[in-house]
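Heads up, the next two complexes both have chain A, just with different partners, chain B and then chain C.
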Partner chain A sequence: MLFNDPVFLFLFLPIVAFLFHWTRRKVGGSASMVLIVAASLLFYGWWNPPYLLLLLGSVIFNYTVTHQLLKNPSKLLLITGMLTNIAVLGYFKYRNFFMENIGLLMGENWQFEEIFIPLAISFFTFQQVALLIDAHDGQIKRIKFLDFATFVILFPQLIAGPIVLYREMDKQLQSLRGGRGFGLSLFGLGVVTFILGLFKKVALADSIAPFADSVFSVANQLTMLEAWGGVVAYTLQIYFDFSGYSDMAVGLGMMFGILLPINFNLPYRATSMIDYWKRWHITMTRFFMMYIYSPISLLIMRKSILNNWSKQKQFLLAIITPIVITFLVSGLWHGAAWTFVIFGAVNAFGLIVNHAWKEWKLPKPNMFFGWFLTMLTVMTSLIYFRADNIVDANLIILRMIDPEYLVFPNWLSYYADYLGISWRTLLVFSSGSYTVRMAGWIIALVIFALILKNKPSDLRKIRPTVGLAISSSAMLWMALGWLDEPSTFIYFQF
Partner chain B sequence: MENKEILKILNDVFQEVFDDETLILTRETTANDIEEWDSLNQIKLIIESERALNIRLKSRDINILENIGEMVDHLSKVIN
Partner chain C sequence: MNTEWRKFIIVTFPVALIFIALFVEFFSYILKDVPLRRHDLDRLVVALQEGDAVNSPTVLLGDSITQDVLKSYRIAPKGEVANLTTNKASGVVGSMFLLKRYLKKNTPPKRIVFASTPEFFGYDPTDKAAEIYVTSVFNETEERSWLLKNMNSIFNNKRIEPAILNIESKIGYKALALFALTPDSLIEGDEMPNKMPVLESSSVHSSIQKGINGRSNEPLILSKIVGAALTNICKMIHKIDLYFIVAPMPKTTYLKRKEKGEIDSLRNKLFEHLNGSCSNINFIDINEYRVFPDIAMRDSDHLRRPGWTAEYARLLKEIINNKIIRN
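Let's turn to the complex of A and B:
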């Protein structure tokens, strides 16, 4: 079931929300949690019932290990628990990729039958691995099965995050179980946040998607302007798709009296790569920071100080190494393909340059130039993220920068002749009306990307006014008007 | 060691790491208040705090803290 599916919007959500709050008031907090866990299982099973067993098995296994870790924080048990989670994820998501690449190294062309990747496996695996580590570290004191199950299975965040840490949910779940918590007080705000997310997904992301698709499907026939148009369109599509999803998740959480963390903070306003990664997919960055980057970086940095390494050696080993490892994992987390590894590598490169710039105290570039360089790096990484293969991605980049591909469409022949630029009938920009529509969408979405805030602190300041009612209704009306064919979310594949 | 004293030592550490002598920490200061606070500076803060207070910290313990007040409380627990 998708958040933008009419079955979810008009049947599942109203019924579950009503039953949840009715149960919470009439029967009690625990009963309402049982209800939402059951509803979340239905939500997950709607897509592919047999994989419910995998989700349930994962929850039961991880709860048992957590329970043992709380009694006896053994390193061996933690490693066993983590490896089991990673092995399951590896089997479904990475087995074919690694086997095919081992085959290639041995000069063989092994082809394997495609394995169906269970929905949300990357998300619920990460969330539970983090919980095992926190239980081992003593960050969690005790945990009840119902709290654990709600934490993992809760449908607003089950499929594609935000990646929540147990310690930030602990008190909320206890309050919910005890019949306290936010109750219905956040419901209205949740509805507005959900509508904003639905609008971003259906009216913005899905409207620009065909333009991006049309460019990425003909990588070897593009001209410079078409390649740039397609890449900018995709850069906007992925932001509105994923931040729209995240807003819907946060809004749904509020409707059930649960505050989920935000995932985005106006990322396309970032003026450096460091700034960008503080604003983009915040909960994933936090996970990688806490459990991969920081431990490695701290370990090597301590060594560097102890052994009095030179600044260059320290930078190479204590700064570059953890960034490369983190983004290699991050790339592969997004998908088992070399395109995702390069996506990670481009981001790592951008961050390394950014850190080197700061370490050697080079003059700070002006804000606009910083923004331009950041967006260029982000867009380059997203070309690999979106393209079907590395060859296509390289072709698109080549056509964006090689002057040979600067060709005007035939309907601009007058200006092309005037400027001495060649022209012909183009594949994507074949008609003026199509191109102008695409340019119009891009300009509108750039403005939206730069002004539509997504911080809950901003959202919680929202007061019910006539203006808010009109703008929310307009967004809902537009989103529902476009809701003919619910499209899936980009991040569901991870 | 008193929390006030820890905050003062922490203030010196922050001034050194961020190369800003005008930086004044309060218990309410968060990472969002200091523009230059990034993943690398976070590691440097841990290392310099360890050196200044002669303690050993875990990166995850620091990463989860919400503000300087929580950091002072955590350091106080480790020291005492």
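Let's turn to the complex of A and C:
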């Protein structure tokens, strides 16, 4: 089920929200949790019922291992638990990728049937792996099955995050079970946040998506201007798509009295790559920092201090190595393809340059220049993220920079002749009205991306004013007006 | 939930939802008679409705290859030919409605000339194109009943559509139309189409060539709906002379169509279908007068500017003046 599906909006959500709060008040916190777990299973199974077994199996297995780890924090058990999770993920998501690459190494061209990846497998696997590590490290003291199941299966965050840590949910789940917690106190704010997310997804992301698609589908026939237009359009689409989803998830959490972490904080305002990754997909970055980057970095740093390494060697091994590993894993986490690996590599490169700049105290660049370089790096990485293959991605980049492809559309032939630039009928910018519409959407979305805040500095500061009611109503109507056919969220594939 | 938020969810927010919906509905009601000006077809309809009568003896209908050319070039003295060409998206059905609207203000012409691609006669607008170029443009009672009878499927099933759920059409485009600066009139180019140097042979860009090849493989048909529209055109004016001019086609397409006998077959189908409805039907293939190499095209359907468009305008002018008007 999709958050922007009328079945979800007008049937599932109102019924589940009503039953949840009614049960919480009349029967008790535990009963309301059982209800939301059952509703979440229905939500997940709506897509492909057989994969419910995989989800349930994963929950039962991980709960058993967690339970054992809390009793006896054995390293062997932790590794077994982690490897099992990774093996399941690898089987469902990466087996074709690895087999095809092994085949290529052996000089064979093995082709496999496309595999159907269970929805959200990366999200629930990583969330549970983190929980196993926390249980082993003593970050969690006790856990009940109902809390565990709610933590993993809770439908607002099940499909595409935010990636929550058990330690930040522990108290909320206990309160919920005990019939305390936020109850309905965040409901109103949740509705408003959900509407904002729905508006971002349906009215903004889905409106610019066809422009981006039209460019990426004809990579080998683009001109410079078309390539730039398409890449900027996709950069905006993915932000509004995913941050819209995240807002909806956070809003839904609030409606059920659960505070989920915010995933974005005006990422396109970042003036450096370090800054960018503190603002983009915050919970995923936190996960990778905590469970991959920091352990590797700390291990190497310890060695560096003991062996008195030079600054250069320390930088190379304690900064560059963990960044490269973290971002290559992050790239692969997004998808089983080399394009995603390069997406990670481009980001790693940007971060390394950023860290080196800081390490050697080079003059701080002008803010605008910093923003420009950051956006350039982000857009380059997103080309690999979106393109069907590396060849297409490289072609698009080439078209963006090669002056030979600076060709004006025929309807601008007058200006092209004046400027001495060649012109012809273009495939994407085929008509003036299409191009003007695309440019209009890009300008509007750039403004929204730069001003529309993702997180209020303090939730209590948001007042239920008439202005808030009018703006939320306007956004809801606009979203409903565009809700012809719900389209999937980009991050559902991960 | 504290009292403030409870009031927000139970009262303020639902009231705001209703208020906005009513406000938009009211605004849409105020704008309901503002004619749309989204595209050339809208502007042509406004020109027919609000402009002065022209009473031309010849009415020219057709699709975008001709429309494109007539924006720049003059093919007859002022008032001699009424240009009602439009683009393919509205189909022959759109041409029929344009003629009907033209006849409301003007005296019936002596002749009607269709100068279009042959594919125009096989095309029926559907989906979004039908909404943008047919149902939202031609929505008078008579037009609606013709469409309901002949093209029922192009209407969406929404019986009542609140303006709030279609702000783009019911408010956005209408509000933009209010800002239209220039008065709308039938388009007549100013330039005389003189012979200009043109590039006769050169390599064609791969995307254009692909489009041309694709066009060559499309079968030429006479659609049932187009047939009904043409019959209706003949019924509108008694003893009308109807001329079909096959507009320039890229050489590759033309040769393939000729080889398969598709153009002759289309001509026969048109004659057969209209036999009895129209008094005098004529068929002229402009490609017999001149070859249009693939390089003449800026895409599969349209000619390169300025040389090739001038060439088409010149030929069209010659044919209309020498073979049609003087006939």
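Basically, the second predicted complex is superposed on the first by the 489 of 494 C-alpha atoms of A that agree within 3 Å, B and C clash if a C-alpha of one lies under 4 Å from a C-alpha of the other, contacts with A are read in each partner's own complex, and residues count from 1 in each chain.
In this text, a residue touches a chain if its C-beta (ideal position, glycine included) is under 8 Å from a C-beta of that chain, and two chains touch if they have at least 3 such contacts.
The structure displayed is predicted, hence computed values, not measured ones.
For the composite obtained by overlaying on chain A, chain B and chain C can both be accommodated side by side without a clash. Shared-chain residue A:139: touches chain B; no touch with chain C.
The partner that reaches more residues of chain A, of the two candidates chain B and chain C, is C.
In the superposition on chain A, contact of A:225 is made with neither chain B nor chain C. After overlaying the two complexes on the shared chain, residue contacts for A:425 are found with chain C alone; chain B is out of touch. Within the superposed three-chain model, A:355 lies in touch with chain B and out of touch with chain C [touch as defined at top]. With chain A as the common frame, chain A serves as the apex of an angle whose CA-centre rays point to chain B and chain C; its value is 150 degrees, to a multiple of 10.
Using the contact criterion defined above for the overlaid structures, shared-chain residue A:294 touches chain B, although it does not reach chain C. With chain A used as the common frame, the shortest Cα distance separating chain B from chain C works out to 28 Å. In the complex of the two chains, the chain A residues touching chain B come out as 133-134, 137, 139, 165, 167, 274, 278, 286, 289-291, 293-295, 297-298, 301-302, 305, 318-319, 355, 358.
Within the complex formed with chain A, the residues of chain C that make contact are 1-2, 4-9, 12-13, 15-17, 19-21, 24, 39, 164-168, 205-208, 298-299, 302, 305. The touching residues of chain A, when paired with chain C in their complex, are 183-185, 187-189, 191, 218, 221, 410, 413, 424-425, 427, 430, 433, 463-464, 466, 468-470, 472-474, 476-478, 480-481. Put simply, chain B touches chain A in their complex at residues 36, 38-40, 42-44, 46-47, 58-61, 63-64.
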